[in-house]
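Down below is the structure, laid out as structure tokens.
Chain nomenclature is as follows: A, B, C and D, assigned in order of appearance, with residue numbering initiated at 1 for each chain independently.
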Amino acid sequence: MRFLSDNTASVCPEILAAIHAANQGLTVAYGDDPWTARLDEVLGEFFGTPVRAFAVATGTAANSLALATLSPPYGAIYCPTEAHIACDECGAPGFFCGGAQLVTLEGEHGKITAGALAAALDAHPVSVHTVQPAAVSISQATELGTAYRPAEVAALCEAAHARGLHVHMDGARFANAVAYLGCHPGDLTWRAGVDVISFGATKNGALGAEAVVFFNRDLVRDFELRRKRAGHLLSKSRFVSAQLLAYVESGVWRRNAERANALARSLGEAAGKRLLHPVEANEVFVELGVDGKASLRAAGFEFYDWGPAAGGRARLVASWDQDERHVAALRAALTAS
Amino acid sequence: MRFLSDNTASVCPEILAAIHAANQGLTVAYGDDPWTARLDEVLGEFFGTPVRAFAVATGTAANSLALATLSPPYGAIYCPTEAHIACDECGAPGFFCGGAQLVTLEGEHGKITAGALAAALDAHPVSVHTVQPAAVSISQATELGTAYRPAEVAALCEAAHARGLHVHMDGARFANAVAYLGCHPGDLTWRAGVDVISFGATKNGALGAEAVVFFNRDLVRDFELRRKRAGHLLSKSRFVSAQLLAYVESGVWRRNAERANALARSLGEAAGKRLLHPVEANEVFVELGVDGKASLRAAGFEFYDWGPAAGGRARLVASWDQDERHVAALRAALTAS
Amino acid sequence: MRFLSDNTASVCPEILAAIHAANQGLTVAYGDDPWTARLDEVLGEFFGTPVRAFAVATGTAANSLALATLSPPYGAIYCPTEAHIACDECGAPGFFCGGAQLVTLEGEHGKITAGALAAALDAHPVSVHTVQPAAVSISQATELGTAYRPAEVAALCEAAHARGLHVHMDGARFANAVAYLGCHPGDLTWRAGVDVISFGATKNGALGAEAVVFFNRDLVRDFELRRKRAGHLLSKSRFVSAQLLAYVESGVWRRNAERANALARSLGEAAGKRLLHPVEANEVFVELGVDGKASLRAAGFEFYDWGPAAGGRARLVASWDQDERHVAALRAALTAS
Amino acid sequence: MRFLSDNTASVCPEILAAIHAANQGLTVAYGDDPWTARLDEVLGEFFGTPVRAFAVATGTAANSLALATLSPPYGAIYCPTEAHIACDECGAPGFFCGGAQLVTLEGEHGKITAGALAAALDAHPVSVHTVQPAAVSISQATELGTAYRPAEVAALCEAAHARGLHVHMDGARFANAVAYLGCHPGDLTWRAGVDVISFGATKNGALGAEAVVFFNRDLVRDFELRRKRAGHLLSKSRFVSAQLLAYVESGVWRRNAERANALARSLGEAAGKRLLHPVEANEVFVELGVDGKASLRAAGFEFYDWGPAAGGRARLVASWDQDERHVAALRAALTAS
């Protein structure tokens, strides 16, 4: 019974069908295909504004390529302490940006505030000796399973833009945030000032498909060259683009996210006071104690420690295709413990 | 009628079936899955020697990650003038290696010789002021549609190893070379001294699957960390590994390559004296003249110029799934012209 | 009356004389000269242990080249929040290391503790997804004008080594720390476990001379190649090496540091309760208030804000050649205010 | 009797005097000093046009920093096969540019032509798959001791600019070329279309001083940030700037170059038919045979092999301060052999 990550999930039928449908005949490679040609339009409709969208196969690539267009090699990128780009990508932003420096900010429940950003910027007057503030990167949903409200995003973007920084959103679980908040995708992104999003589909039902979506199309710059030289321009791009189109057009993005969110919420209710953060997406962070973790594992549940193994914290993730019986069993185990 | 590239090809049924078969339940992500667990064994059997194999989704990633494990940032990588890494990857080796310098060598029909390598090394005595010779990279089949014979590879590897360089093979069309030469995969690689190969499946029937295969397992070093920070560790790795397993185990690697080679050979025969290089794989390089190119295009054939558009050279590529009628039509057009 | 930085200082007579003395005839370039040949021996005697020492012209180069030998491109380098490498080198460590990530730790008076380091390491279990902890870098004297005691350095080194990290010391003001503590240079470095130091002379009387000194000589690795390709191997190296030899052999390192420290101490006494940190080297951090800063400036004193200009904090630095009358004037102004 | 390199030379009196003169009191660091403030004006007068000039301490730094402002990380930089940036800087351009690719062109006597550049550009149509042609870099005087004529430079610049490339000149021995040709410095640079020059003084009498001089001031871009993060902004910049000012204003640049050139010319005359290239600066390339090299060395002459030690070619360099008696002795030895 795996609650390790939504990366353990399978590919949902709609998306697999789209891959099949795209497998017809000889098609011009490297993105000059009819599927990729529709990306801008379809994602533009999804977000409710004209966009430039680029398909890649991994979230790390999406994040780092986006940041490398926003930040020079001597730039500073501000992000929460728990950011995926800071903690889980083996230094990819530094690699893609040619050395840019991450500056981590403390926040509450995985969210940083406009005030924290402004304070950090105020503390270090910029000169030729300092890294040059270039970008802010936030995750939506956050790495702690919460979701920024539109006004929170807007305040952050305003603070960033006021100082000349651009804003990147790591949307590996963007669908989960939208499903939770019940708002329009545009409310959490361009209407609030986000310049570019890594719009993830992989965790939520795709095989391997992420889109870097520029709302601020002036920032696209040399993105395509950076993608190519990083080995992230897939020759048979039609199969990544087809996944993204199906993900958006079939509505599976919402259906899958809603199901995963609901399952996580039910786990969160069972965890009760042991919850470390509100459950606003499909992740549940819970203080189980070392013994509690061991008991659950002995009962057949797989999950990751959150923090050191010697600590008592655990992360439980519900995937779009999570077996309802496994969730019920985990709920029961949590309730009983 | 597309003869643009084998990247235009579709996914062959055996490999699509393998993707389906792998789409079962929640599986541990990032390569800790049963499919990836079999890669070393299955590719080891294919090559006839123990190997360490790593799956990635693009050939550029495979080449650059392999080279980055072989070369320090101040290293020199020797390759033919026409090398894919030098001409078609937007500087990826320099990016992944942190600045390593490509040194291109002239050859005949896309092949460089042991003598040319030795001469290049002799010409520049190594000191703290020079880039440090680190690796040789050759393509098999070559970028000009020819295939190194085992003895040619062995001589090159011997010359390289004698000077402390390691040898990388870009095997984007390795199956085509093996099919043409009728030898064992091991004869063209580890038995001849190759240290690491980018073993391609994408051009020959996969959706997006390449394996970096280390014969010299001491050279693996930090490959996994480099792959991760480059965004090339796929979360749902099972689907890439499953493609590679099916590619090798089903024998489709040979069947597809043999068909593409045969179609290209027949085109080469039709081209006759206009051929620029022997047709030993699935690519045909032909001097058509500017008018000849225009005529073929007017007749509905798509292909790329080889060299400047103002020149008369063309590249015709036969894919594994090329329509026989299209080939017949192109053959007729070539014969008639 | 400049109290801006010890970088404003002139070159002391002993060192200028050494440059003159080295200016004799044609000498083999790039470090194969008699002055450079003596560096290891002379600095080994200074520190009381065999070393490998390399001359460069700037502290940023010394720090970054040292760190690039300690950290892979996907490494993590732990340092205090105020570290020069984090705040004042325009991202140089990220550049030289090919993307390594700085992780800043909070400390007291510019010093981080073994406990803080251990806690930071414990919080993030290492995997292929994380940056790989590689090094700790501390400044001695610190960026806040304090000095680590030998036992503090030893505890930090022990904590670092226990986790496989190496320890770098930014010794731009190392002489000031030694002069203050009255201990042997070895007590603050290799005897406490430091692996490599950037041993600065520029701020303390040289024209432009820093030495990267490896106590752990196994770590030298490819330092010389990295220095060369960064443009930091000076052709006329004799003139940098000669500065370093004179700096150490003449005893001017101590004399200059003692004078600067004494002047700073007297300023610190005048600042009294407004001091932000103990004055243990040649820097004085003081809360003057916005008006206080303005008054001093109006009286002809030049100094830098510490933090935002809108804040009330100032940094006053005493150089080795600071005019005693200027110090007296500043002391008086501080006392009066 | 050293004829190894002009890097073995001492510092000429005028420049040492300027260092002394600059050693007065506390001066604002990092280039905000009165000497650095005059660089633009003084070098602008030297070249006869407004410039932006930046001081660094090494030629490798000057070249690589200039190129990094001209080329993106996925750029191609065209240069002669023998270019210092390709052969003698341990991969510095790749490092500073973040991976840019050097493309070497064959030439005659170290010079490449507009035609060779155009041919190389024509051969590889640019696409997202290729490196992006960004810059041409030539040395003046060349690495083979010859000098481009103004018309040759102009033709090359015209060919480069017509294709959107910028032109960099490695002027480590620029004074020697000007002295030989007897033309105005502007004729060889901005009047001919050069965008930026690495203007060297170190080989010709300075201690360590090079200026990156932008004629095309729009290209300065982020040069200052790149210099800082590479550790090449010297804290006591006044001493580098003072060298450059003295070098230009005292006329020593010409006097030293004329003397070195004359000495080299006399050696070239003695070498007679064994000369490999015309002697147009202060370097003499000569075919001595293995025995000839050994004989000269046995007679006390020091020089470097040109090419492999097993070959018979040698490079003899005359420095500004070369002892006339040594030159006479070498001339005699060459004549006798």
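The criterion applied here is as follows: a contact is a pair of C-beta atoms (placed from the backbone, for glycine too) under 8 Å apart; a residue touches a chain by one contact, two chains touch by 3 or more.
None of the values given here were measured: they were computed from a predicted structure.
**Q** Which chain has its C-alpha centroid at the greatest distance from the C-alpha centroid of chain A?
**A** Result for the farthest chain: D.
**Q** Using mean CA coordinates as chain centres, what's the gap between chain B and chain C in Å?
**A** About 50 Å, centre to centre.
**Q** Between chain C and chain D, what's the gap in Å when you average each chain's C-alpha atoms?
**A** Their C-alpha centroids are separated by 33 Å.
**Q** Once you find the CA centre of chain A and the CA centre of chain C, what distance in Å lies between them?
**A** The computed centroid separation for chain A versus chain C comes out at 40 Å.
**Q** Which parts of chain A, given as residue numbers and ranges, touch two or more other chains?
**A** 30, 73-74, 89-91, 95, 98-99, 128-129, 132, 225, 228-229, 233
**Q** Should the pattern of chain-chain touching be classed as line, ring, star, complete or other?
**A** Topology of touching chains reads as complete, every chain touching all others.
**Q** What does chain A use to touch chain D in their complex?
**A** Touching chain D: residues 30, 72-74, 98-99, 128-129, 132, 222, 224-226, 228-229, 233 of chain A.
**Q** Using the touch definition from the top, list the residues of chain A that touch chain C in their complex.
**A** 73-76, 86-91, 93-95, 97-102, 104, 122-125, 128-132, 305, 307-310
**Q** Where on chain C is chain D touching in the complex?
**A** Going by the criterion above, the answer is residues 2, 4-5, 7-11, 16, 19-20, 23-30, 56-62, 64-65, 89-92, 95-96, 202-203, 207-208, 225, 228-236, 239-240, 319, 321-322.
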